[in-house]
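Each structure below is given as structure tokens.
In what follows, chain A forms one complex with chain B and a second complex with chain C.
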Partner chain A sequence: MRIAIIGKSPINEPLKERLLSEGLTPVLVENINDILGVVGQKGDFAIRTRYGDVEAGYVIATQGPELSNPVPEVPSLPLSGSSVQNILDKNAKQAVLLLDYPDESPGIMTEIALKKAAELARKRVNVVCLARFIRTSGGYLEQLYREARHFNAVFIKYSELSMDCFENAVVIHARINEGNETISIKTDNLIIAEKISAGEDIREMASRLRIHLDDEGKASGDNPFVFSAMTNRKGVFALHNTSPGLTNETKEMIDYTIAAIKMEMAAGKNSGHAVVDADKCALCYTCYRVCTHAAMAPDPNPDRSAMMNLEEACYGCGICVSQCPAAAVRLTEAGMEVKPEMAMKGSLKIFCCENSAKLAFERAKPELEEIYDKVDITPVSCGGEITTAGILSALHRYRKVLVAVCMDDACKHLEGNKRAKRQVLKAQQLLKSIAMDPGRIEYVQLSHAMPRVMAETVIEALG
Partner chain B sequence: MSMSAVLVIGGGLAGCVTALELASRGIGTVIVEKDRRLGGKVRDYGCKAASRCNQCGLCIVGDLWARVSEHSDIEVLTESRLVDLIGTKGNYKAVVRDKNGSRVIDGISDIVVSIGFDGASSATSAQVQYSGGRGVISGLKLEQLLAQRGRHGIFDEAPSRIAFLQCFGSRDIQEKAPYCSRVCCGYSTRAARVIRHHYPETEITFFYMDLQEVEGGTYFDVLKKENIEFIPCRPVSIVKGSPNRVLYEQPGSGGRLVEREFDLIVLSEGIHPAADSDRIAEICTLGYDRNGFLKTISDSGKTGIYLAGCVSGPKKIPEVYAESLQVAQQIWGGVR
Partner chain C sequence: MIVAEQKPVKEIIESLEGFRRILIASCGTCVTVCMAGGEKEAVELKSLLDIWNKETGTENDINVVVPKRQCDVEFLDEIAVEAENADVILSMACGAGVQFMAERFPAKVVLPALNTKFMGVTRDVGLWTEMCQGCGNCILEKTGGVCPVTRCSKSNFNGPCGGSSGGKCEIDGNVDCGWQLIYDRLKALGRLDRLYEITDVRDWRTSRDGGPRKVEKKDMMV
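Now for the complex of A and B:
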């Protein structure tokens, strides 16, 4: 299986070696500007470049960090950019490693600082490590910290800091002991942790690979807190601005990515996905635009002028179903629109996201026993599938409709909950405009672990 | 049962994720769970979303327990314990005991030890007392309160002053836990934000030594902006009474002791090795790390004995999840 590595990063080399050792074939496209786009789906991607297509089953986007000196006006050495040997060659007797100045240093700098502090201290350099946060709780870092301390490296936590520069030395004044004391340290070997920022190319990369970036410019996954190398596009992984070199953290990221690729390779065919009716499709590209998983593409068959669903890329969230102006998309697995309307059970219809509200409802069953007959619940694979039309048509049969979706920032499909909210507002406005009570539609956001919130909402909606 | 099954010891998050991942690849698993139900500690945890998701990781769990119990390739033995293990990789024989007696499970290819952890309960239990939003509670109890919260709040009666005592049972040599438990900063500050969301007037105070696992200095600023107070010290003691008081040394005062009243005191308890560790270590031939958590003493690929989850040290929910998937993948790679 060919795995494309896209982007320039110091981890490309070790990543290539790991892929080879796992029996996978790495293909490297370093210059993002050579890439026009990535089409296809997991297992079968084509990377369109200026020089022709490159085929690959999976894509790993690597984005090297851009390192910069956070305080260029002060003479210093860069922490990750200078080797211990360099400092030793200067016959240094003493060195100060400065972290978290002026802003907090990236987490990875702690590991680098601990390693360099230990190495220098071992060579009998007096090392002082100044930091606002010393985060050593990971097992491996704790060990490095102990090692550095063992060789008499000194760690000092400061709250504020200022520096005076002289010809060959810098004097650092640090507020320590929670701001109750000040110490001054003079050094001719000041080593400062660099600032790490996402490379300028990251936005280019994201748009060409159609992956989503968070506010910090990092690729964010569907479920951002599960596995940080996953992206919104199945089969595309992102190992972005992780670190200037190969650290333990990057090694773990590479391991996870390779494990994830192997699992994807072994996974069966995806059964829950969208289907486009080519006769109805107007090729308006709405689905292409709204799909958060890059699972919609124009059908390459010249006889059919229609969009098509990339089944292996699709999560079946239904956002395209609710947004298609021609009603040309449906889901293979029962959703809001395709499911034949259940017999009217009572007075409340609940449309709920199966990732959150449905599970909360199930957990709340004991509390809801008495009113169970009065509600009719339709789980949808994502709030994004809920439409104004669906809500309004439910109001023909039910006294009230409750739309229950995930909390803000928790949607697996990035914006299904926001879309649901918009549809609810639209439906409420329509009701208002024909002098009906907009309160007949209720909307709640919750998580699967809030059963009582769900129960109370349902009971309140029933009145 | 299929020819080569995998035995999973402990049906908490790590055990269930591993079992489900293996079963979804056609590898039969048997989960030995000491409790009456699957889920371990995570099952009691509450959502930490305030006005929006705070990314505590609990959403990954979802209906995991139901999916595990319903899977046809997973056999769940509840109220059961592993009592002996004989054999080598690819051909283990396990003796499992439940209230009806012992049974032998043959043809086990690999073993996943996922017995989880215990809270710092020995230290905690002596302190706790709670009724209606007043008293002293453990972090786990706060989780349970969060899990049961309704639309309008967490407590029967809103406490007006809450203290969090960080590093409770961690960073503590007397407790034989010199390490950082890595999860307490995260769960307690997130819980504090939920409390702030529901009770804008409540005073929230953290007594801390070192906030290790909050996501950086900016997060700390966010908390301070939400009017959460941070006092850098480890309190001397809790003085029981009504209300309870925290006795602590005023930072920067040169040792002046201060007593402060709180309606509710939360002990942000840490992660200790499971009580079962010694027994399981002996049965499965495992070693200990410097903090008393279990570690493998030879290559898992050769012995067929894998560790997943907090059995090998404190981990967060997403870390346990990722690690368990990896263990499943390694076993699956070997079995194939």
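Now for the complex of A and C:
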């Protein structure tokens, strides 16, 4: 299997060697400006370059963003570098991990901090982790948090923070307890979460590889450019070396990526995906543009003038289904359509994302026992599947509709929640235009860990 | 592509008053692509009208048909049965489609559901801009591929007016000055000398001023 390494990075050489030792064939395309685009899907990519097509089953993008110390004047170690090893090497007894200073740290830093806090604490280093925002919702982060706590790492939430720097130490003054109290911590092992800046080269690479960047131009979600992870495009991995030299961490990251590729290679055929009706397709490219997983492409079959779904690239989120103006796309699984033959109960229809709201609803069941018969819940694979027509159609039979999707920036398909919100606003606007109460459609964003919010919203919606 | 947008629902509802059997006809080409009158919009509109009917106790029967185009008669033939069974046809096509539908079914009232806007391009998902006014005498070869008839608010032919400021048009600070675009493009192409060529006073008869136009392709006519 050929694996394309894209971009310039010191990690390329060791990565090449490891791929070879695993029986995989590395193909290097260092200059991202040579790349015109990457077409195809997992297992069968073609990298279009100025010099012809390069075929590869998987792609590893190694060109990374710049990570920099947000407060260079303060002596510290970078969180995502080899800070743990440094601290262990000098047999330090204590370390302070600082996040969200001076500005909110990128989301990925929470995960790194939790991992490092656990690692240090396990080696009997007294760890204090200071953060302005706690982001431990989501099973994996919660698990890491518990692990770190188990080894006695201390987590402190601060509202304001200042520092006094001495030659070998820093004294941190943190306002805690909703600003009512100040604590001071002295440390000679301060580890600060870096800020990430996506330069032009990253934007270029992202656009050519069709990897998603957020509104600020940073790689979205749990920044896949920092640590090895599959990007929003299946089979395209980002692997970035954050510290000079081949550290243990770099080796681990390479191993992780190769293991992930092998897992993808071993995975069975994808059954939950979109299907395009070639007769209906207007070839407008809307699905191609809205798909956050690069899973739609023009059908190369000359007999079919239509788009097609790249089944192995597809997550079945349904964004293309809801956005297709020709109603030419459907999903092989699930679906929010309210069919006349469907059993109907209650007066409230809930369309909820199965990744968040559905789980919150299940957790809220004990609280909702009394009104359980009054609601009819339809889980969707992603909020992106929800349509204005579906909401309006539900209003034919239900007094109210509640759309419940993931929190901002928490959609695993990146934009499903945003698209759901747009559809709700449109449906509300349409109701308003015929002098009907837009309040018949309600909208809430929550995580799986917010059953109370779900319960309250449902009870309120039922009036 | 012809770009259109849906009329306010209230206006559509008012126009439908008194009709019992309503046929909504989407159009599967331009207005599908510009998300004004495709199947998705037609189904959405039906859903909304059904709610309206239920709430107001209006009794009518709404059907949806999805012809590929309304500007070619064969596609209209395909919906003849549904059209015959309707009291009114709500066409979600551009103005051309609405009129052609009315010609094809002369006994039926045919109503427009869209306002036809312009010939344009898709700039982004959900964003279309005007690029051509169909003036019948294209001079894009002189203007670096930027149309002064469409992109200049005054359709000036020999440079910008005094209202061009900072690359923007005086009608709206968000609108690019067409002549700035032309200048920038020609400069980038190293063809600024094209601007020394004065364009004569225009004969607008090739455009709308010559009355309804037609195109004949004799080699196709037997």
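The rule we apply is simple: the second predicted complex is superposed on the first by the 302 of 463 C-alpha atoms of A that agree within 3 Å, B and C clash if a C-alpha of one lies under 4 Å from a C-alpha of the other, contacts with A are read in each partner's own complex, and residues count from 1 in each chain.
The rule we apply is simple: contacts are C-beta pairs under 8 Å (C-beta built on N, C-alpha and C of every residue); 3 or more make two chains touch, one makes a residue touch a chain.
The model shown is predicted, which means the values in this text are computed figures rather than measured ones.
Contacts of A:D408 after superposition: chain B is touched, whereas chain C is not reached. In the superposed model, A:K280 makes contact with chain C only, not with chain B. In the superposed pair of complexes, A:D100 makes contact with chain B only, with no contact to chain C. Residue contacts after overlaying the shared chain place A:R452 against chain B, while chain C stays out of touching range.
With both structures placed on the common chain, the touch criterion links A:A169 to neither chain B nor chain C. Touched residues of chain A were counted for both chain B and chain C, and B has more of them.
The residues of chain A shared by its contacts with chain B and with chain C come to none at all.
Of all residues in chain A, only 100, 103-104, 107, 132-139, 142, 177-180, 223-227, 255-256, 259-260, 262-263, 266, 355-356, 359, 362, 406-410, 446-450, 452-453, 456-457, 460 touch chain B in the complex they form.
Considering their complex, residues 280, 282, 284-286, 289-290, 323-327, 387-389, 392-393, 395-396, 430-431, 433-434, 436 of chain A touch chain C.
Against chain A, the residues of chain B that register as touching in their complex are 21, 25, 45-47, 49, 51-53, 55-60, 62-63, 147-151, 179-180, 182, 210-213, 216-218, 232, 251-252, 289, 313, 318, 321-322, 325-326, 329, 332-333.
Taken in their complex, chain C has these residues touching chain A: 8-10, 13, 28-29, 32-33, 35, 38-41, 43-44, 47-48, 50-52, 54-55, 66, 122, 124-125.
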